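You will see chain A twice below: alongside chain B first, and alongside chain C after that.
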Partner chain A sequence: MNQADVSKLMSQLRIAVKPHRNLRNPDGPEGRLLKLRKTVTALVKHERIELYYNRADEARGYAELLISNAIRYGDRHKATMELADYWLLEKQLVHKLFKVLVPRLENCNFSYTRMYKAPRDYPGMYYRKSVLELRGNPYPSLLPDYTNNRNLIHNVLLDEARKDYRREKLAELADKIASESAVNAEKVGSEGDAKEAENVEKA
Partner chain B sequence: MSRNIYQSLNSFLNRLERFIFFGHRGQPPLELALVGMPSVGLNAPNKSDRFSLKNLLGDGILWAVPKHRRTIEKRLNRKFGLPGYNWKPLVAKTNLRSCNQCGHDHELGVLCPHCYKKVEQETRLMQEKIEQKLGLEPIEHEVVVLYQGEQLEKNENGSNDRKVRVVEMEKPRPVWFSKNLMQKTTAQPADTKEVKPSNLG
Partner chain C sequence: MAGNKMLFQTVLNTLQRFNRLSNIRTYSTSKETVSPAIAKRNELFSEEQRRQKAAVGRVEKIEVRYLGLPEDVTLAMNAHISTPYNCAQHLSDGHCKRSALALKDGNVPWDMHRPLTESCTLQLLNFTVADPHLINKAFWRTCSFMLGAALENSFTDEAHLQLHSFPGPNIKSGSFVYDIVLQAQSWQPTKAEMRALSAAMIRLAAKDLKIERLDVNNELALEMFADSRYKREQLPSIAQQNQGRVTLYRMGTHIDISRGPMVASSRFLGKCTVAAAHKIANEGDKDALYRVQGVGLPAGFTLDHVSYGTLEERARKLNSARLPNEPFEEQHQQIA
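So, the complex of A and B:
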């Protein structure tokens, strides 16, 4: 009963962790970890990478852990700094982790990364591909854009407003044309009268 | 020389003789055939020469021939495979949908290849630019990518003190990658004027 609550001792991941994969490597477990470190480094550096599904899924958990620990403990925590030093092979990215990613993601309520299944050429290779990205990146969104869906309530309202605006403008235009044509008709009528008078005088 | 001439003359005479008596088909002419006699050219089956494996094989031996009959089940399995394990005939895919944006087909739960290609190319261009700009210095500020003719958005209090690294793309922002949700309602008024036809008589 007096045991510590484990969930409070370490940060909980916000993604479903799949069972450990045996990413085969000729250098054994060290080689495997090096592969994952390279992936995590690339993710922090580029913020969006495309790679094989298994490797992305495996590396994602470590990236999540790194970011959540950085948010939780900050940059004055020795263990977190060592973790960052271990996972980030390019050391300029340690600055990025604490100075850019922590402020960006500290109020994030979901996972810090996103993973999509990427299309493969048919029939292509057997391995599935995926896109791994950090949230809040500057790149165009990979999700389909539903903002133009005609049935969304704001689009319905905007369409109606647009229609009203056009109707108003057309009415204005019609009024303008009508007044102009009336003025022209008057002018033509007066000119015609003058000509007739001249003709009568000549005759 | 004289021997050659003799041989060719001899063969010519032989051929002439054969042609006169047997015609060009190698059989005796019909006029010479006797009624009721078996024709020589038809090769009637001889009753003593029945089919036998011994005659056919002689001294030879046979290699790798099936010893036992394959059952129908085995034959069908070899032909079509097993449904649960390795089903060989083509199977229709039911997890294909058409993209709401571009109309291309894609697998369910997988990004649309056409839309993804577009985004991927733009992302790669942006990544190249960002990498070029940031170099090897420690990264301390958020990166903002600006396209041609764009300016940095100001803060709420109007000051421009947001600490960001600005990366400029030397091209206009793609239409599909727009931050502006509103679309243009009316076209700009035209500068051109109506020209009435002249010299029509």
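So, the complex of A and C:
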């Protein structure tokens, strides 16, 4: 009951975090962190980068945390500013983080970054590759768009099926109206006959 | 274990009984042996293919300008030997796997396995390009062609199936078509029979059969289709419209007449349903003409079952394409 709500103390990441990797480096943990700082900086700077999978996956979590804290606390929070100062090696990117990325991503309901598996060069290094990008970047999408192109075969088929269905419904409606009007015409016709007969009698 | 075996036996018995009734092989995968007529036809096809390859003579180089991803390149290829598929092999494995049709000089659709004759520009098309009109049409035509093969594989000899022809591809009609003649004047296909035909289509797709194209002269075509009455009747008019040449396509052992182009392999067919068979007219006292219809999507296209169900529903309605027993409306029309 009286326990602190952990999610209020620390933002929950919107990505599945994999176990810690050591990212082998001759300079030890500092070297590893420098590598990740370079990656996070490059991500914020270029918005879409292609790199080895492990490094991208590891850096992604830090980038997510940085953006989520920036959105949560704003630029008047000392700890967040220190965090931004640490992760972004080029200091003009601190401005970009708070003035560009925060307004863009504050209403985002999913993760702030996106990661794709990329094909690896053949022949070349064996390591898996990936593409890491910020959401809402200005580049064309990496995934094919199957929904907006009306000329794709399934869209053509579905469009025609819809038109066919509408045509059928319209024909049904027309039949219904025609039969109703026929019934009315009969009624009117018979009434007219009765009146005529009355007129004749009066005469 | 015993229970399973018994169940299997029951199912098998039911299917066998069913087979006797319907003349469609619901259980066996395909005809084990190729009939002598088809074997002969294939032999003639291969022989003509060899002859045409040998007739190329001195190898001449052509420049093929490839336009597209990853970059525009110029390839030095061999005239009358190299195909767009060979060009794709120079690019990457992905190009070979994904490309279903080539576009020559920006406007002529060209089969992936058809040799290039002169220097040209080349684009490789897949099903997700911005304007997939041409490739969709080729796909629909290939579906009709494959339906012919599936029908030929599925009917037993007692059914006396004869393939008639298929009309030009029209995707907007909602179904691809093959017209056949059966020695049965009141065949009402059951659901299980339709499912067996659909399965035959899927089996063809799984086999990843290369679709080859060959232009032959009328005499050879008549010899190849000597046993097929309806094809033989169609050949003279087709040859007449095409300077005495007839375009044939082969997939596995199935050979058919078609104007083309078609996609590179049977593997490009993904989801597929043979939806209906409508009787069109009686042929003589025993035979009758049927129109078999289906709907399909290229491999890699996923559609939820409700949407696909509406497509299937629509494919059951009789396709309004030209019927084989109607006269041609215009002189230039041709069987696809």
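To be clear about the criterion, the second predicted complex is superposed on the first by the 143 of 203 C-alpha atoms of A that agree within 3 Å, B and C clash if a C-alpha of one lies under 4 Å from a C-alpha of the other, contacts with A are read in each partner's own complex, and residues count from 1 in each chain.
Following the convention adopted for this analysis, contacts are C-beta pairs under 8 Å (C-beta built on N, C-alpha and C of every residue); 3 or more make two chains touch, one makes a residue touch a chain.
Computed from a predicted model, the values in this text were never measured in an experiment.
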Task: Determine, under the contact definition given at the top, whether A:K176 touches first (chain B), second (chain C), both, or neither.
output: neither
Task: Go through the superposed model and pick first if A:L152 touches only chain B, second if only chain C, both, or neither.
output: second
Field: Touched chain A residues, chain B compared with chain C
entry: B
Message: With both complexes overlaid on chain A, does A:R72 touch chain B (first), chain C (second), both or neither?
response: neither
Task: Identify the partner contact of A:P144: answer first if only chain B is touched, second if only chain C is, both if each is, neither if none is.
output: both
Message: Which partner chains sit in contact with A:R21 here, chain B, chain C, both or neither? Use first/second/both/neither.
response: neither
Message: With both complexes overlaid on chain A, does A:E160 touch chain B (first), chain C (second), both or neither?
response: second
Statement: Residues on chain A touched by both chain B and chain C 119, 144, 146, 158, 165
Residue numbers on chain A that touch chain C, as the complex places them: 119, 144, 146, 149, 151-154, 156-158, 160-161, 164-165
- request: Over in the complex, which chain C residues touch chain A? Could you list them?
  value: 94, 127-128, 130-133, 136, 139, 171-174, 295, 297-298, 301, 303, 307, 310-311, 314
- line: Residue positions on chain A within touch of chain B in the complex are 46, 48, 50, 92-96, 99-100, 104, 116-119, 131, 138-142, 144-147, 158, 162, 165-166, 169
Chain A-facing residues of chain B, complex: 99-101, 106-107, 109-113, 115-116, 119-120, 122-123, 126-127, 130-131, 136-145, 174, 176-177, 181-182, 185-186
